[in-house]
Structures are given as structure tokens and as C-alpha cells.
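First chain A sits with chain B, and in the next complex the same chain sits with chain C.
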Partner chain A sequence: MTRRFRSLAPILVILLLGACAGDDKSFYERGLNQGAQNAAKEGDHGEKAAAFPFKIGDLAPAHRPDPKSDEAGIWYQVDKVERRIKTAGERYRHAAVNSYIRSVTCRVTGRYCKDVRVYTIRAPGLQASMYPNGMMHISTGLLLRTQNEAQLAAVIGHETGHYLRRHSLQRIREIIDASNSLFFFRVALAGAGIPVAGDVVTLMAIGEMTAYGRNHEREADGYGLLLMTQAGYDPEEAWKIWDLTLKESKAIKKDEERTVFFASHPQPEERMHEMRRLSKTVKTADTTDLGQDRLQELVAPIRADLIRDELNLRRFDGFEVLLDHLIEGGQNLAELYYFKGEMRRLRGKGKDFVEALGFYDKAATMPGTTPPEFHRSRGVVQRKLGRRNAAMASFAAYLRANPQAADAGIIRQLIEEPEK
Partner chain B sequence: MTARLKRFAILIALLLPLGGCVGFTLAKGGEPIDMGDGVSVQPPRDWNRMSIGKYEYWTLDGLRLQNILFVKGVEDGENIVFRRARNEEPEKDTFPKFKKGMTLLDIRELLETTWARQEFHRTRVTKFGPAKFGGRDGFEMIFTFDTKDGLEMRGWAVGAVVGERLFMAIYRGTRIHFYERGEKDFRKIIGSYRFPARPSS
Partner chain C sequence: MTGAKYTRSLTGAILGFVLLVVSGCQTTAVHTRTKLPPEPEKRRIVLLPPDVELSVLHAGGTNEVNAEWTRLARKHLSENLSARFKKVKARLIERKETAADFGNDTREIQLLKLHEAVGGSILVHQRVGPLLLPTKGGTFDWSLGPEAKYLKDKYGADYALFVFVRDSYASSGRVAAMIFAAALGVGIQGGVQVGFSSLIDINTGEVVWFNHVARAQGDLRTAEGADETIGMLLSSFPK
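Right, the complex of A and B next:
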């Protein structure tokens, strides 16, 4: 089967579903209002919320689906994914980070605290996803991008909204209905060369690209605002994450990557505008917590690692936007200017080395601390620019600061290298 | 069809699908193995060998348990990951590339970033130092990492830039059992690694 046909298959499914639903901005408010009404009456579990034409039952805390239902079958498959992720290499095993995220999650989800299990995944980029059984994944790239705990709470609240409204179950059912039967769907997938093993995950991914998926995003945004506000966070922080996302995605020049992002989510401009508008309607004198110090204290010691992950993608334009955003935040500027230099050193085009050296020099004068590799990188660039004495001094400084460095032997070799 | 012919036909039918996807041959122990470009090595015992263009995988027990990856003469502007065809796996276009004139520090960075993009996790380099490879000045790197499935791995890489091309032998195996099982062999294999007297460039 050709690659082109394989990539067409999801689009065919989306076309098939296209007639089912249209984009509807009122879903932001539906999420917020219906959630609020339910919360006032009987706790927020979306029982009375009939935002979608098909009936979704109650989802009480500690919910497990009826073993005879299709939902149980879907949970069973996702439970298998969860067992894998528990020991997976990409899981971020950092006790302080995981316990912090646990506490924010419990604050946001309230009595659903035990039902929502967050797994932090070591990965660049802003990624968060919710599975039907209450498993949530968030990327370390999200921690890098949130300026305060309130913004993190907004994302966790948004994903929890997907869980409470059982969006992934709805989407999976929609796709199965639209394609007449799961059997038909499996045959179609297999025919298109898509492995059938990861059924549920594939269905979820495809489901996100439908108009239903976009309305789910809108509704979850509303729930996110509701949950974070109930937990006492400042709702006016929620839209700010989209501001950065928008700038980053505009900087990524490859059209392909942008199209995929915008197909699966409402336009960030729309989300920003709606979230900003609604946040003003729910904010009260009691909902002002930002938790900026708490988040920044947590991220500070791991931030260089997370920035390095982003740089590994070699998407230099988007990376620069992210760095400028972090520089605006003003935390440890020495580290951030070091990475401005790193980006240019790694791109290595035109005046990049000269500019890189400029940023390394700037980093040396800025408040904060540079990572241990600082002197090494500076030495490498000075050497490339033919500034031998400066390079030798930088390499010597690197060895003084890191006498046990794994690459000390190579550095000594560079220091002793005869002049050309 | 005679019974014998039938048995033969069944055997062929069973083997045909295997041939398409595996393609292992035997690297016979104690004999010099021609790696192309005039490069040769001599394994102390039999290894399974799979050669794909500039890359060659060897294993004793299975690629996921332990393998040697030989990188044979990567040129300026090429990345260091195997791909079947240029238009396959387009994301690999954004992997970092080898450039002529790279220092050993640059090559370390090339390796670490490539592995991060290939979803090796928690990579820790415990040693990266100068070393001879095939009689040439090169590098040696000792490291550990976790696979996507959470398996703990150990690794030992050696390499050198010869005639502006990058040659490497990278040995990786599970921390438990399989790394150790092939470690002595790898030491002998890289000890026997020979470039031709005049490298083609």
C-alpha cells in the first residue's frame, strides 16, 4: 500500500463524519454553564448536560463501566496502554515533579482526584491528552511553557473536562456509528495499511480531527475554566497558553505541521478570544491564585534539560519564539542567553557563530547560572572563529568547573592541539 | 508432485516471507569479514549480520537484546540513521547531520541528539574520550540509556573520521545479561577493525 493512500485514510473517515456536526462556538459556554449548574446541584459530573444528541450516562467518582458495555471494552484496551506507560522509557521519573503535579491535579479535580491519573512524559512541545479510563498524559514541554501554576491548572482542568464529559468515548462511538460497525472500520484500516492493534488510540487520534472533536475542545476549555476557578486559580491565565502556542506555530514554517495542528483543534485565535471573554465572567475576589513561585521553583533546576529537549528538534524558528517568551518571564537569564547562543552554534549558518559568541558573552554578564557545558560551547565557537587563546581559556574554565567531566580527555586534547 | 518435491515446496513457501524482512547472513567466527571500502573485521565467533547500504547490524541473540551497529563512511550532510529510501520517514530529514570538519565534541553531540530523536531515554555518557579506531585517531564513548519500553541498556561506541567520512561501531545491549554476553566479542571485533592503507574518500 502506498504511503499516500495510507495518509488519505484518516481524511476519508473525517469526510465521512463531516456531515455529522458543525463547528459551534457556543460549546465554550455550554462547558462552563452546564458544568457550573451541575456542580451547584449535585457535583460536576455532567449528568444533566445534554450538549450532544446522544445520551451519556452519569460518571460518578470511582466510576467503572458496566463490564458488558462497549465502554468496558474500550477501557480494557486503554488499561493495557496504561500498564505499558507505567514502566515506559519516556515516563518522567522525577519525584518532586510528579508529586507536585499530583497535588495540582487533586486541587483541580476535587472528588475525582483518584480517578484522574496523570503521567508526565519526557517530551518537547506542548502536549496533553486524556484517555477514557482517566489516564492523562502531559509533556515536560508543557511545564516549560506554563508561566505559573494557574496555567498548568487550566490545562489539567481542560483534560479533566474531556474525562468528565467522556469525550473520547463519544468520539469513538461516533466513528464506529459513522462507519457502520467497528468491523467495517477495522477492515478499512487494515486495507489502508494501518495496524489494527492500537484500535482505540488510532480511533482517538482520528476522532480529534472531526468537527465533533473541535466542539469537544471548546467544551473542555469551558470545563477547564470552571474547574480551575472552583479551585481558586485565576481564570484569566488560561488563554495565555494559547498566545504562546499561536506564536510558536506561526514560527514553524513547515505548512504540513501547522495543518495537522489546526485540523485537530479550534483556531488558537478563537480559543484565546473566547477564553479571555469567559474568564472575566467567572473571576471573583477569591479566584486570584497564580502559584507562580511554586511552579518556577519546581521547574528551575530541570529547565535546562527541558530546553535541550526542544533544541534537539532543530526547529530553530519555533525555538527562538519559546526562548523569547521565557526571557520575558525573566527567570535565570544567564541560562536563556546561553541557549540563544546554543541555537546559533547548532544552526551554524551565515553569521551564526559570531552571533552565538555574542550571546555567550551576554550570558556571562546576566544574572543567574549557566549550565555546566557553557564554557565548552563558548570554547567550541571561539575555536571555530579562530580565536585560539580565548578558546583555550574557555576549555580550561570548563575543566576547572567540571573536573570529572566525561569528555575531559577530549577537551585536554583540544587544549594541547598545536597551532595551525 | 512427489512427496519430496512437495516438502521442498512447503519449505520454500515458509522461507520466502522470512527472506523479505530479515536478510541476515552469517559472519563466521575466526574469519576476516569484508565490510566494504576495504574495511575488514574478524569476529571471535559466529554473529548474525545484516547489511543495509552504509549501515550494518550484527547480533548474537536478537537486535533488541544486543547489537553492533557499524556506520560505514557517512559523508558530509548526511545524518547517521538508517532509512530504506530517501522519501521514507521524512521526519528523519530534520535529524542532525554529520558535517566535514566536525570536532569529536560535535560528533558526541550528533550521537546524543540522534539518539534522543530516536526515543532513547535518560542517556548518560560516563566517558567520552580520545581512542584509536582501526589504527586511526578517533573516539570512544561509554553510555547507558533506557529504551521506549523502559528496558535499561548499556552502550560502547568507537569511531573515527577518515577521509572526511565518519566510521563507527556502536555496541548496545540490555544491562542485564545480553550486554555482557557480547562485550568481549565487541572488544575483539573493534581490535581487529582495519581501514585500508589508503582510505578511499
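Right, the complex of A and C next:
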């Protein structure tokens, strides 16, 4: 209960302001070292391992919170979320994908294999999140962006770091403490007739909280690096995810000013740099596994679906960056050039249709296979450009390849429509 | 990669404006049916897993769910409801949550989710708060649709009952905050209790009875308190 009484003293707000931790890059190393120390002390993952400045230590395997604790309340709520997720429509129910992710997770988390439950969510973009009870969500868009298993392991390791260090619990406690202190401070300032000062203090507290969150991210990055390395993956893959993320976000946010103050995560540039530096310190002759073939084999048959999800966002600039990144990888180029055309067909501005046709033509000559709707898209663009005969030939090719297509009727109608 | 986060759907919507709502004790039921059929074989009710959370209200206004209190409240709720329905000769079939549920019977799970969503919508859009539907007026015509019959077939029941409660208790810090603010002439809210209960005719899917409580009293942590709250919630339950 001391935590709650402490908040009774408005004087603490002053301390809160004085104790501005701010951004601290040493957290990358701290994550790495803290984890390494704990691993050395096998079986000593309990509260004893608490490290400055966070108040609580790593979780032990098979941890369940004390039913009377605040942590139990948080778990109760998150367990409810997990029950919903288990039956949620957006869950990606692909047996091969899920068992693959399960095996990578177990390899990365080791003794915590049973504690970390990963749910794959069908969603575009690179998203991964950790919940305090061991539930992890990763988006299918992540599978599209990781070039190899080592990169996937880095993400899973990072999220596991959040779990092991109980970042959610730390954060919730901080929020409660800060809002308690703030409340008294704001009321007192308002009572003294200077309510604006209260807003300034609130803003400062928010800034402090987000800096705290960024330090959690840094620590989780360090942890992730450690876990993936212990599992034998090449740590020099971890920073590469940030390279793509940075390029994509630059393309998307061209005109948006980025603000550091409210950012929940450190800047990708910083993470890239730090991860790259630290990876060299932990890499050994035994940590070279990339697992590139394993990941690519898994993703190849579902990749077109995942690319369509990205395209549905209609964030064309970011999409182009992603496609170029995939083209560099060199897998099934016919599919990728088809989507370069698709993006232009859907944007439909300026020279887009002409360019789209160029990419469709290129796709037809590239190694690999185009998705079933290839001839239809090509026909649509040819029709828009007034190339009627070519369009009809494409539509006919579409119907030949997909006689059972749901839209066969409408395509036949297009073929039969009289010439204008 | 986002870090740690967790979401609340219905709870967020309801507690978001609960402070605006609790100006006094409110209990007015809506129903399209005031009586259950007298024949015992038609008085069978399946109790769906109740959604209950008890929490500490901190000085600054943050709620922290207390797992132990919640466990107690669920226990009291279940015992109290069993006893109550026995008295009125209605058969209560308790549908407990089990780990084996998930992924097996998706049809049922979707109905349970729909049930929660409809109940929450009635509360938020027809009963309390600033989000009432202006054109809904006094019409009470909510339904889960004919698919609800699936529950009838599965449990051999005619009705489904659902209970939702969020109950908060002021921490000592909050009490101090209330005194502190009062001294400066500002009134702030202590703990609140918000809950609703809905009864569905699972032959048709129709919501036949609905009631809610929203007040600054009530305590589900004890058997007596639970009895008082449930008594209030079910005061107009079809006989």
C-alpha cells in the first residue's frame, strides 16, 4: 500500500519533475546485459533480479501473479482479451504458418516457450505487440517484411523482452502514480488561481511517460538481440528490419513532421545504429543461422494474399518501397511486377495506366507465376487505354484460366459489349 | 512494433462516461414481457458467463482491476442467482467458461459476443449517458436474430440471461482527494457501480427484458452486498 500513500503527498510531483529520466541509450546494453546475467544465474529469474531503475525483476517461467496483487488484475483483463482473440475473425488460421511461428518462438524463448503464446493476425503493416500475460500478436504484414527467420526471431525476441521485463506492469504502475500526483498538483494550482500551470505540468508528465516507454523499447531491443543470439541466429539481421521500416515510413510520412516528444518508440535511425553496433559485440561463429529458405518457403504460397492486404491500404508510396524491397529479394518476380502494375492501375493518375501495362507486360516475361487475376487486370487497363482487341484477348485468357471465377459473368459481358 | 498495450472494448465505452451518469440511483427496467410461462418446462434459463470487473479507483481517476475481488464477486453472483431462480421455480443452467471452448464451437462463441454487444448497445444507446439514439424513442425492439435458437438447442433452455457489472471502490488516496477537492469547492466522484442484465427469448432472439444500475453505492465483494445489487438489478424480472 505504500505506493498509494506515497501519492498522497503533492510534493512528489516536484520529485517527479526533478527525476525526469528522459531518453537513455544505455538501455539497449542494459537489456542485453541484464538478460545475460539472469541467464547465467539459471533458475534465478524471480523478483531478486530487479535492476535499476525499474522496480521489478524478470518473470520466472510459468509465472502466474499473486491473486491479490495489482498484476493479477491486469492479467485478468488481458486474459479476457486473449479469449476474444482466440475466436476473433482476424486471426490468421493457417496451420503451417502458425506451427512455424510456434517453433521459431520456442527456439527464441527457450524455457519460456510455454509462457509466450503468439497469435498471428491477418493485417497489413509491420506490427507486433506483447501483452503482460504472455500473449503476443504479430501481423501477417511482418512475415512479408522479414527477409529471413533470423529477422522474425529478432522481433519475437524483442516482444519477449517486454514480457520478461514486465514493461506493461511497470508502465501501468507509473501511470497510476503519475496521475495521482498530478491530480493533487492540478487541483492545488487551480485553487491557487493558476490553472494553466497545471496543464504545463501535465504535459511534462506525458513527456516523461513517453520517454519511459522509449526506454522500455530500447531495453526490449537489447533483450531481443540477446535471445536471438542465444538461439543461434545471426544478430546482425536485427537492425535490417529497421532499415525497411525507416524507408517505408519516410515514403508514407513525407509531409508529416515527426515529433519526438510524444513518440512511444525511439527513432528508427537510432535503433538501427545501436542494434548494428551491439550485434557485432555478441556475434560468434555459432550465431550465423539465417533460416532464409525456411521463411521464404513458408511465405511463397501466401505472399500474394499478403501483398493484396498491403495494397488495400492505398498507401501507394509506402507500397512501392515495400515492393522494391521484395524485388531485391528476387523471389517470384512475375508476382511482384504484377503488383507494381496493380498499384498503378488502382491509383490511376497521370501516366499510371500506361506504366501499369508496362509492368504487366514485364511480369509476363519474368520468372515465377502471376496471380489468377493477372489477365483480368491487364485487360481492364488495356480497355481503359482503348486497346480493345488486346483487352478482349486478356479477358478471354482470364476466363480460360479461371472458368469458375465469381466474376466470370461480368467479364463475359465486357467481352460481348459492342464497340463504341 | 508497438510495445505493451491492451484494449478494452465495451468497458471503455461504458466507463468512459460513467462519471457523467452517476448523479443518483437509477433503475428502470424495459421489457416486452412481464411474465415467464407458468409451466416449469418452459422456465429454463441459461446463464451466460457474466462479465464482471471490480476495481480500485485511484486518486487521479485511474481504475485498477482487482482480481481477488472480481473472483469473489463472480462467486457471489453465481450462488445468488442460483438461489433466486430456485425460489421462483425457474431452472438456471449455468454456462461456465472453459478452456476447451475456444475454437470449438465458433457458432456459440459468436452468439455470446453478439449478446454482449447488443446488451452494451442497449445500455449506451437507449438507457444512459450522452449517446442515446434520438430516434429510438421508447421503442424497445432489440434482437439477436433467429440464430439465437442455436443456444436453445444446445442447452435445452428457453431464455438466456446475461449480467455485466463494473464496480469500483475509492482507494484511501481517492478519499483524500475527494476531501481535498471538496475543501477547494470541487466535487469529484468516488467509486461507482454500473451494471446491466438482459434476458433473451432464445426461441426468437428477442431481448424481452433489460435492466441496469448506475449508482455510487453497491458492493459485490460480500454475499450480502451481492444480494442487494442483484435484487436491485432483477427487481422487475419477469415473474
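FYI, the second predicted complex is superposed on the first by the 347 of 420 C-alpha atoms of A that agree within 3 Å, B and C clash if a C-alpha of one lies under 4 Å from a C-alpha of the other, contacts with A are read in each partner's own complex, and residues count from 1 in each chain.
Keep this in mind: a residue touches a chain if its C-beta (ideal position, glycine included) is under 8 Å from a C-beta of that chain, and two chains touch if they have at least 3 such contacts.
Computed from a prediction, not measured in an experiment: that's the story for all the values here.
Q: Of the partners chain B and chain C, which touch A:127 in the superposed model: first, second, both, neither?
A: After superposing on A, A:127 lies in contact with chain C but is clear of chain B.
Q: Is the number of chain A residues in contact higher for chain B or for chain C?
A: Partner with more touched residues of chain A: C.
Q: With the two structures laid over each other on chain A, which partner does A:87 touch: chain B (first), chain C (second), both, or neither?
A: In the superposition, A:87 contacts both chain B and chain C.
Q: Should A:220 be classified as contacting the first partner (chain B), the second (chain C), both, or neither?
A: Only chain C is touched by A:220; chain B is not.
Q: Under the stated touch criterion, which partner chain does A:363 make contact with: chain B (first), chain C (second), both, or neither?
A: After superposition on chain A, A:363 lies in contact with neither partner.
Q: Who does A:312 touch here: chain B (first), chain C (second), both, or neither?
A: first
Q: Output check: A:272 vs chain B and chain C. Expected answer is one of first, second, both, neither. What do you get?
A: Neither partner.
Q: Applying the touch criterion given at the start, work out whether A:228 contacts chain B, chain C, both or neither, answering first, second, both or neither.
A: Neither: A:228 stays clear of chain B and chain C.
Q: Chain A residues touched by both chain B and chain C?
A: Residues 84, 87, which sit in both footprints.
Q: Which chain A residues qualify as touching chain C in the complex?
A: 1, 4-5, 7-8, 65, 67-70, 72-78, 81, 83-84, 86-87, 126-132, 155, 158-159, 162, 167-168, 171-172, 175-176, 178-184, 187, 190-191, 213, 216-217, 220, 264-265
Q: Can you list the chain B residues touching chain A in their complex?
A: These residues of chain B touch chain A: 87-88, 94-96, 99, 103-106, 108-109, 113, 116-117, 119-122, 125-130, 139, 146-151.
Q: Going by the contact rule set out above, which residues of chain C touch chain A in the complex?
A: Going through chain C, the ones touching chain A are 1-8, 53, 55, 58-62, 64-68, 70-71, 97, 102-103, 106, 109-110, 113, 171-173, 176-177, 180-181, 184, 186.
Q: Name, in rising order, each residue of chain A that touches chain B in their complex.
A: Residues 3, 84, 87-91, 122, 309, 312-315, 346, 348, 376, 380, 383, 406-411, 413-414.
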